[in-house]
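Okay, got some structures for you below.
Two complexes come next, and they have one chain in common, subunit A, joined by subunit B in the first and subunit C in the second.
And then the complex of A and B:
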């Protein structure tokens, strides 16, 4: 008996020390989610004392199993600050989960009294085989069940209710962007997605659909959501290659763009200078490029669920601490926030492409955050000014879903700026006009910009064919009040304008092959000559 | 056939190729393909040397080649035709790969642990990189409280890049080239002095010498955002957390 007691004491001791070493900094010494790092993580750390947990295998409204919590500790939560603690070892993980359960013992006791404890596991069934027909059916379920109200017509978290959602802490919370499977909190496997619909994510507007949507339809829905993206983040490309075309495309709809390779670059919040952008709004860009030896065209795309013009009232109150979790569906009791908070104003969405100023040096670059006095950068900046024209939803979306469709289009001008650091930016009056067009479609911006390779201003970047030209991308989500240096940026990568095909390559290749063939023929001839002179030797050795 | 010297030489070359590309990789570390080409050249030379060592071996060695060149039988003629097409094509391919313009981005040349200056100026105060030890270690009774301060500094300013478990894998790390330093393992803190670490924290990316590509580093310069004591505390916390000792100041002088 005393041995068992001793074991439990050890266990709780191990749980407490492990918790203090690894968990308390975010989740708080009292388990209330108020640690020293709380305001620097994304999203807000879990408050254990309420007993409300997003990721469970249990029925809606019930507490999680120990194994659910152990899984979170072991694997972490993708797309958030919660890392994997797999290196702790299983006994520590079990002990720390037992310790965490102590913080919501009152909730366990209440559920015991009411007959909800131990919690019941939600019915899962077996996943079906994913087919194109199932995915198509899943899309119908998606649109008919109202998923798009929060997650948007194409799943980019841009639905009409998206920006007004709040969680149990009364904090703004964004629905999951279903085009970024690697950020799905609960995982990108078919069963993970199905489980999220089935159990709901407690404490968030993402309710359980176990009763509202039949299991077969939920599997179809899961296969549609899974089909929208991949489960692992693409690796960062090293460069964006611009191939040569006879004439640059006039618009971003030109089929010439289809064959251009797409580069992927991750973005992070700017953290080199205060204020640090702890809740980055734009997390990657994709880039294509083409050139015709006199001008270059770049086509950049990035996700932003909020189309923001400076000065507009924020739908849900502009809030830098947005969560962007795997959660959806507004619940009725979240509807009264307008009375509580004064409407905040949003800033303009912005995008900038950063190059070294002048002729880029091969081995030295300007400082990533907008250069410095000795090594300035040239920024090509677009600022959302509200001039883009709203577009009507096409016929396919008209039948009942026109409210989910958000589209804006138009030609824009970009400013060419010289920056000698984040606080020393000046527009270049002698700059070359940067022609551009922007298309915002259902949660995704597309920006096309063209410029001549060389310009008359020595402050502007001079783009030489065949060189590796440093390039870096900035994006600002105006809804999060991102502006100035508090934006999102990539690392330095390369833009490479492909060289015209050099004939000498083919001459050298053909020449080498031809010479080798001659050499072989000459060897055959030499062999024949020698066999005529000494026929006996060959005949002897051949027999 | 197995007794034919040409066939044996062929087998030997195939075996040598497999050994250079896979065998060495298993035994120690893989070697670059240019070195494999060089080794294969040497091996071929040795094989020829052996084959030419006696007239009998040499004539046996060259006989199949000679017969193929002459096209004695239909089989020989087929082999000859195939070789006449395949060998020039192969040479052409290798030439093309060699002369076509490279589209590979140039590799980053970067010194990971650049040489430190002799001293730095921190908010006007000179701190020697040669002799300055962590001043907070002087009073052993205060160790725990300094580590506690350091932990707070780490989880308010550092962990989102350098990670909860000090492995350089915080939630911001995915966007950086180069990646944030990994403190666990034997390649960073374990081989550095505390004054070196102080320099790197105080001056950050912008304070790196040119060979360490200061323009690429996302490490902020914390001078002005953290006090001297806060930096020494976070250094103490880090060594405490990873369970390693800093390299001692005196061993720097001796080592160089």
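And then the complex of A and C:
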């Protein structure tokens, strides 16, 4: 029996069995992208039958090479649900790609007939040596070619068209945040970046610029884009340490901040309680801290492509497909047909810093999702209320790019809240005022907040110098309707307020050094004395 | 002499073949489209400074509720033959951050010219399914792009992702017997031999309608259509 089965296995197509085993769950048994897991996967799995592929080395409108597909199977696509299948042997990878090609055989036949198969590889040439001048030129190309319309003035995916983008499946899709190179789907090497805007990413709004921008300029553009970030995500810091200053900075522009070390903390969507957040809108924060022994100042920064005030109409949020866009509606005639959904509304952007209540012990960290009844947390929460003042674009952006510039500034107050779990949050009436300021600049928020180390409320965190104080960060992207527990949070990390250096340490150190020197000298002398005596001892014993 | 030759050719075209003409009308109240918001790109809104903003072209009605942007073509009854491809390209301009015209017909293998007259980036996302789809970035450094469609496809949606209100349609026909109505709702399909034809009209939201008509040699017949808001 098993011999027959083995024989059958050998006969059956290696590609098909591999596909059924590893691919069909998402990409569907018919290759149409309708697998059992499809509805949980975003971006959606590729529908192979259309022959539309994002990551190709071939010209716009053409099919990928076998090697392009093999690369995707082997390496996966970072930032998506497509994992690496490097554990498969090369023969299996080749076989499964051949099998996948069968799903779009009709498209291959069409292109063969029209002379476009085998597909033509997009011309790449040789990457140039990256210089500062090339990067500067690349930035000019970036702004002049309209890249900022979607990717934003500084590349943080905050361009004026960014939030309206839809892919071929009519799902919302954000442009790449060019300051997060480790999230680039197609890779962060110079050639990867060059290839992405040369071939275009089919099925997405990312067009091919092969005919529009000369190759030299495209290399400059690639250099600029690459220069904005690194290819690997920074390692999470263990703590943010606050050095001591004589006086805390008044504002976030104070040069005192320049010397403060920056900590990097990754964030993830809250997944413990429904509604869970599968698509985290904020994926990391950077934090700096300073203290003057009576108060602490924290400076937190995070990327958010949308500046969202509660109740605003979401750009691109309305379902345009079903909306005729009539100005005058004759209810009797058209009301039923419209089925018009009200335009989606956004929620407020928010940020919160979470501490254990009271005097925290480093090894006692409350439940991460806003504590619980026995271990409550203190939240310092800022809610975007629309009070920040819009800033005018500076002269450098005025010439033709003012619409790409989004800047808001202002002083804000944060509420001090006691949370005993995600549904039991109360603002503390006896809470200490939390003074802060916010600066939103081209897709990035900066929030500075100061508070006295100790307060009168036992529900609030008491910050002791020299201790490891558990700290956790929450961020909500209002445009994605993130709110309440459906936000993004970090793990527990530590805030450490550095201790003042004890002046007696200098005296003690000097004294110890002096003593050591004396001892050393004595030891050397003793050693010398004994070595001088040695020969006579030897002679004595010999006689 | 030349004039005679011209007249002969002219007459041969106009009189030696049949013709179908007609008007497409909207039956019901005439709603007006909302003005488009183009603030996101100042180049777009500047194109309308001082005047009225452009409106979506989903429903464009003329005097007497005549319908523009209706793609009309012979869908049945033509002999099975290959028709010559016009040497002049069909054209679609991007002007004032609108496609002009909103609906264009082109023959298989005829040149198709995309033009960008705006001083801003457009991308021409041609969502073909029968033909090879493509997505062409057209920054200001690229004013024109010549393309071709090698298969019949009715209709291809064209979108600009940078300016999400921009949408248009291309009808790729295997024969030259098609037309797109203007604001007067009128269409003319000429050069037809005697026979029975099915005429199909297409609207982007209301779908297609067909009617049959029989014309004699050199006969001209009129065939009107009307669309209305379907009851749900």
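One rule holds for everything that comes next: the second predicted complex is superposed on the first by the 480 of 543 C-alpha atoms of A that agree within 3 Å, B and C clash if a C-alpha of one lies under 4 Å from a C-alpha of the other, contacts with A are read in each partner's own complex, and residues count from 1 in each chain.
Assume a contact is a pair of C-beta atoms (placed from the backbone, for glycine too) under 8 Å apart; a residue touches a chain by one contact, two chains touch by 3 or more.
No experiment lies behind these values; they were computed from the predicted model shown.
Applying the stated contact rule after C-alpha superposition, one finds that A:378 touches neither subunit B nor subunit C.
In the superposition on chain A, contact of A:527 is made with subunit B only, not with subunit C. Counted by residues of subunit A touched, the larger count belongs to B, out of subunit B and subunit C. In the superposition on chain A, contact is made by A:212 with subunit C only, not with subunit B. When the shared chain is aligned, subunit B comes close enough to touch A:36, but subunit C does not.
In the overlay built on the shared chain, the residue A:357 is in contact with neither subunit B nor subunit C.
In the superposition on chain A, A:271 contacts subunit B only, with no contact to subunit C.
No residue of subunit A lies at the contact with subunit B in one complex and also at the contact with subunit C in the other.
Those residues of subunit A whose C-beta lies close enough to touch subunit B in the complex are 22, 25-26, 35-37, 40-42, 80-81, 83, 85, 87, 233, 236, 238-239, 241, 266-269, 271-274, 278, 283, 362-368, 372, 375, 466, 468, 489-494, 496, 498-499, 502, 504-505, 508-514, 516-517, 520-521, 523-524, 526-528, 531, 538, 541-542. On subunit A, the positions that touch subunit C within their shared complex are 50, 52, 60-62, 110-111, 114, 116, 144-147, 149-150, 160-161, 164-166, 168, 197, 200, 202, 204-209, 211-213, 315-316, 320, 324-330, 333-334, 336-337, 339, 402-403.
On subunit C, the positions that touch subunit A within their shared complex are 28-29, 31-35, 40-42, 55-56, 58-59, 120-121, 123-125, 127, 129, 132-142, 145, 150-151, 161-164, 205, 229-232. Those residues of subunit B whose C-beta lies close enough to touch subunit A in the complex are 59, 63, 66-67, 69-72, 80, 83-84, 87-89, 91-92, 94-96, 99-101, 103-106, 109, 151-152, 155-156, 159-161, 163-165, 169-172, 174-177, 204-206, 210, 213-220, 225.
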